[in-house]
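Presented below are the structures under discussion, each in the form of structure tokens.
Two complexes are shown next, each including chain A; its partner changes from chain B in the first to chain C in the second.
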Partner chain A sequence: MNRGAPSRRLDGILSAARDEVQDVEFTALRERKRTDPDFHAVGCFPVWVPQEVVHAAGALPVAVWGGGDRIEIERADARVQSFICSISRSTLELGLTDRLDFLDGMLFGSLCDVARNLSGVWARNFPDQYVDYLHYPQNLASPLAPGYLREDLMRLARELGGRFGVVVDDDRLQASIELYEGLRARLRKLADLRSAEPWRLSLEELQVLVRAAGRRDPAEHAAVLDEVLDLLPEREVRRQDGIRVVLEGSFCEQPSLELLRAFDDAHCFVVDADLARGLRFFREPLPPDDDPWRRLVDGFLHHAEASIVRHVAPHERTARLLERIEAADADGVVFCTAKFCEPAFYDFVLHKRALEERKVPFMAVEFEEKMSSFESLRTQAETFVESILFFSEEVVG
Partner chain B sequence: MSTVLGVDVGSRMTKAVVLDVEAAPGREILGCGKVYTHFDLADAARRAAAAALEDAGRGAGEVAYLSATGYGRYQVADRDLQITEMTCHARGAVELMPGVVSVIDVGAQNARAIRLAPSGRVLQFRMNDKCASGAGRFVERVAKALEIDLEEVSGLALRAEQPCEISSICAVLAESEVINHVTNGASIPDILQGTHVSISDRLASLVRQVGAEEPFALTGGVSRNEALVRALEERLEMRVQRHPLAEYAGALGAALLGRQRLHARAHAVPT
Partner chain C sequence: MSSEPRFQGSGVQLQKELLTDWYRRLAAAPEEGRKVAYLFISGNVGELLQACGMDLVFPEVNALQCGIKKVAGENILEAEDLGYSGDVCGYVKNDIGMMLKGNRMPHGTALPPPDLLVCNYAGCATYLRWFEALAEFWGAEMVVVDVPYLRGTAGPTEQEVDYVERQLHELVAACERVTGQRFDESAYRAAIARTKESEDLWVEVLHSARNRPSPIDAYFEAVFFMAPMYVMRGTEGCLEYYRALHREVMERVRLGHGPVPEEKVRIVMEGPPAWPHFRRFWEMFQDWGAVAVASTYSKVGGVWDLGERHDPADPFRSMARYMLGCYTNRNWAMRSELIEHYLDEYAADALVIHSVKSCRSFSVGQADLRERFIREHEVPTLFVESDLADPRYFAEAQMKNRIDAFFEALEHRRMTAGV
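Showing the complex of A and B:
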């Protein structure tokens, strides 16, 4: 079949983004650092780091989310245990093999014990980088939480800005917030489009575009996303039959692109996911506010997704999952959890109980970065699809 | 009048079945088609579909839903849905042989024993997915070693007086064993039936693992091999049901399930 120009152009955009997000050498960013002495970059470990503050302080926030299946762990195991999650080990490996020497700093946000320890290992091994572990409020309902978070964001801005010769004033931060709000708005539009017609934009393609947002200049990537949004309606596609599911549990370590393809292959269409949660942390646009610090703090406290990394009460997280299932008109849930990820497994138990009570079908899979065979996962997903399409009354009843 | 197409892309043969969407039960099958798969799976699906549509006297434009099964199902580009072989063979077997509660599907490369719920839902299955030790390719290799046409195998094997023992479970190594039997003067019928007995042992093991009970059905291309069916019946001490269209059970199951989806979508409340 001769494919039209829009489809070919779209393939080109996706291919470039795919190459970039899988490039463990960070070639584009290294090159920029080499040619532009004023370019600064700060690595951001998942889940959430305030990109806006980093950007306003004069640096590009770069999502550093492990090495995927592209690197071998050789040096990192001398510093961390082999029974922790893949993303922590491979991120450290990226650093120890000098692949991240273009970074001026590395930030870690409240997440888990492993991430906290990694930040300590990082500070010791990379003394030239600015390294910080950001402690977000544990009690979101406390009247002290807004002031505490505001102060800590301001501290981060002062320290980073001091390093890059920038004073982060309100105008500067507001401009950065607008940039990232624009980027998130486009990512939401893409996700909505995928949800409406999953066969028009695959899960893998959507995630490639989401992950690229963690590596590219926000204005440049927004322009790319605008083009994608223009091209997608023109794409030649054929409607496919299958089920709609919400995917949960991949908020930190990311499944490989091949694993994501397996779900679409099985027509187990993921129409809402917590994949790359940090880049889509706010579930809705941040309300305008003349005070940009208050805008960010308010965003964290009131407009971010319920997530175990935001210390929302467990029953609220489950309630939000149920809301998402309904909003997505989903037939079921796929728990896709990284091996050794304690936060995700903690949530799984609570979510599972609620789904069983409501007779919502679900399946659970575990993954790690170095997975190489997806045949059994695809068959599992396919069987899940069949159980819902052909035998749902028997299974649920 | 629209149709539903089910395509089963197997490792040796690709089968297709065309169903009438609205016809009364028992009158839905409009046509069947079968081609050698070769190496281009997408092309095999196209050729089998074309053969089935020609047999049905229908055009490709009338196909309202295409469901694919078999190991090459992901290569059927225009599919609405792909469905596992287990689910399709179970559904196809129940349609062809109502009341069956156990099925063994023996194809060229794989064998699958399935225990069913009365609705046709798969309750349990086991398959030999490591090699061709319990499947049609085993017979094919032996026939080739003996320079016999595959279609003649069953008739010759039924004349066996004292089936030879074929102990190897590997199709490649079994070839050497067959040559040894030839060297020792064994008759061709005895060697062939020895092969069938050997395969039946492994099939019976699969069947027992799923706790199969009667009524018990055999589907897949091997169902046309009378000698192997008798050997299997002896091993299992059960009657093995077959159907002239048993080879098409996977494609038929895919088509029936596709039709079910088509009807479900037609009656779904728009959201």
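Showing the complex of A and C:
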């Protein structure tokens, strides 16, 4: 193989993933549905939906996370008020324009009032789909929480499985858990690699590889990620100077790829982020357990990353942010929040207080899916970088 | 029988006295050694906490009062200075702003800090975020009663009721720990008996709007009528109030009195009121002789008019059922069914949807409600936007234009149809 071949191969993989995650027509999945009558797909609104249960019930869980900057909003504007986040509007637009007609169902999980109500709107507009709002326990101090969640996951499995003619037994669920565990392990590796050498894999590239996990068959994508993990060390790169930051606030609506590029351009290296949190929901591997239901329930209760999906002691989300800053050896935090995203705004105030107390520098930006100019954001990021570099020089001096 | 009203205004007066006493007692709680719980209106467990010896603070009611008294705007700015976005619920910001300024109500009472934050999470996810913030700022303990959001339209399953009921017992244990007092079960039962009686009376008041003319405005008046039911449910005072209100309203029925000189249009209202401009907002409807004969907002504390009641024979389980069934915990299809039922039961001519920016819990999905009632039911439907706490979002002229145009068109339609 000549020297450029691995690089070209990597570029090919990345551009395929990029095209796929930006494809608002869901071409690959529609094609699959057209040619394979046994193929079932269930849409999953962010943040977290138990993909394993959907998969074990005989369907591919598909992340339906809005239309990004690739869709004109024509019909959903009249349905979603102007003060509501863009992901709810563009997701509804995808549905109202028949782009999601390949889906057999759509799932929403405990998140916020917008997602909750959107589930009802969805059920009204798409009566042929299986639509469910999964209420996750929010009283985790109660010994009743695990039993409640277990029952509800089983209910979901029964209802979905019933639709697809599948009985979800322990073996099936365990096998699906293994598949998604495999996928998540690779995504974690990739994130670690990026954290160690941010110039080796850009934030935008990492994001497309993560998001592709929400659209592809888990085994197939795991194979792709293996290849990426093999190729990356051989990539010809140049070390770059900059600062290391944790990005927070993009757990649901996703910033555009162009926006993410602006951070790298400014040498503001995001080395840990809550981007696409739902696909990286568990912060560590789920310990083996003969009982797959318990494995998932424990995962939710004890191994999930702190997020608004489940209520934990009020300090815990902030404490986790601080831990992540430390673990990532970060110089600061970038709050990158979707416009009108109420839950992120609540977190912001509490996080901000903790950062100010500890003198951790931070900057805050708001984004919208349809944002088209990133100049001011880049400038803001550059200023942030300079302020940190200058400050540390001063301290060193 | 006299045609002069004897009971007119007696409810208002009594409510004033009850609330004054309530706040006086609350202000004295720390000094007198009583513990204080903060909790939410929807699916509230006031009787239970009181039977644990706690005094109650309802931050939503404080926000509403600050809204009416026109001080919410300043409180909101105070919270925004702390970093809260312009786009978060105005009730939350009002509360945090108020806390930053000494936790004083507009009438001067300084509210005691929470000894326990009881997040009765019946629907609105903002409830969790709100008390998480208070837990942080006050350094107070927060407990959650997790109420599963309803699916389908058949109401809660028995497992869901079990789940909530069992958490209520856990809540009692938490309260006992905080207060150092034993839960008084017989006091709880007695309170629930009073609650049930109050609910019966309240429902009769609501049902009185079936009359023509309606003796009450089931939105603009009902939001005041409902206050004792929300703030002091289960108390003697609360029951006394509903007896008085009932008397007053039945008298109005007898005399044929209503909230406007001449009832011309009967409307169903969906959405919270514009508290900071309440009077002006109401006048815009009064000008057209429009009377709300039913509203969803007057049910945020409980949807008893569908038959649900607290039950002294089963005070925990009926409480759990009540929590599951409250309006904020109902999905779009259930809300839509309820509105349909109101339009029919109260023979309404139109639906008015007030969409408020603060409250996504109410507002997301309202455009689909509008579409459904216009297209599928051919009900004239007006959609207006402002806010329930933040005075900045009330565009008076624009609001008035829309309301006038709507009722004008309605009037025109009736004339041409010869109704």
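As a convention for this text, the second predicted complex is superposed on the first by the 388 of 397 C-alpha atoms of A that agree within 3 Å, B and C clash if a C-alpha of one lies under 4 Å from a C-alpha of the other, contacts with A are read in each partner's own complex, and residues count from 1 in each chain.
Following the convention adopted for this analysis, a contact is a pair of C-beta atoms (placed from the backbone, for glycine too) under 8 Å apart; a residue touches a chain by one contact, two chains touch by 3 or more.
Fair warning: this is a prediction, and the values are worked out from it, not measured in the lab.
Participant: Per the contact definition in the header, classify A:M154: touching chain B only (first), chain C only (second), both, or neither.
Facilitator: Neither partner.
Participant: In the superposed arrangement, does A:D265 touch chain B (first), chain C (second), both or neither?
Facilitator: In the superposition, A:D265 touches chain B alone.
Participant: Would you mind checking which one, chain B or chain C, touches more residues on chain A?
Facilitator: Chain A has more residues touched by C than by the other partner.
Participant: Touch test for A:Q240: chain B only (first), chain C only (second), both, or neither?
Facilitator: first
Participant: Just chain B (first), just chain C (second), both, or neither: which does A:R116 touch?
Facilitator: A:R116 contacts chain C only, not chain B.
Participant: Would you check which partner chain A:L231 touches, where first means chain B only, second means chain C only, and both and neither mean what they say?
Facilitator: Neither partner.
Participant: For A:S88, select first, second, both or neither according to whether it touches chain B, chain C, the two together, or no partner.
Facilitator: second
Participant: If you look only at chain C, which of its residues touch chain A in the complex?
Facilitator: 82-85, 87-89, 92, 121, 123-126, 128-129, 132-133, 135-136, 142-146, 148-149, 151, 159, 163, 166-167, 170, 331-333, 335-336, 355, 357, 359-361, 363-368, 371-372, 385
Participant: Show which residues of chain A lie in contact with chain B when the two form their complex.
Facilitator: Counting only chain A, the residues touching chain B are 238-242, 265-267, 329, 379, 382-383, 385-386, 389-391, 394.
Participant: Inside the complex, what are the residues of chain B that reach chain A?
Facilitator: It comes out as residues 65, 74, 78-84, 87, 117, 119, 121, 257, 260-261, 264-265, 271.
Participant: So in the complex, which bits of chain A are touching chain C?
Facilitator: 78-81, 83-84, 88, 110-114, 116-121, 123-125, 132-133, 135, 137-139, 141-142, 144-145, 148, 151, 308, 311, 313-315, 339-340, 342-343, 345-346, 348-350, 352-353
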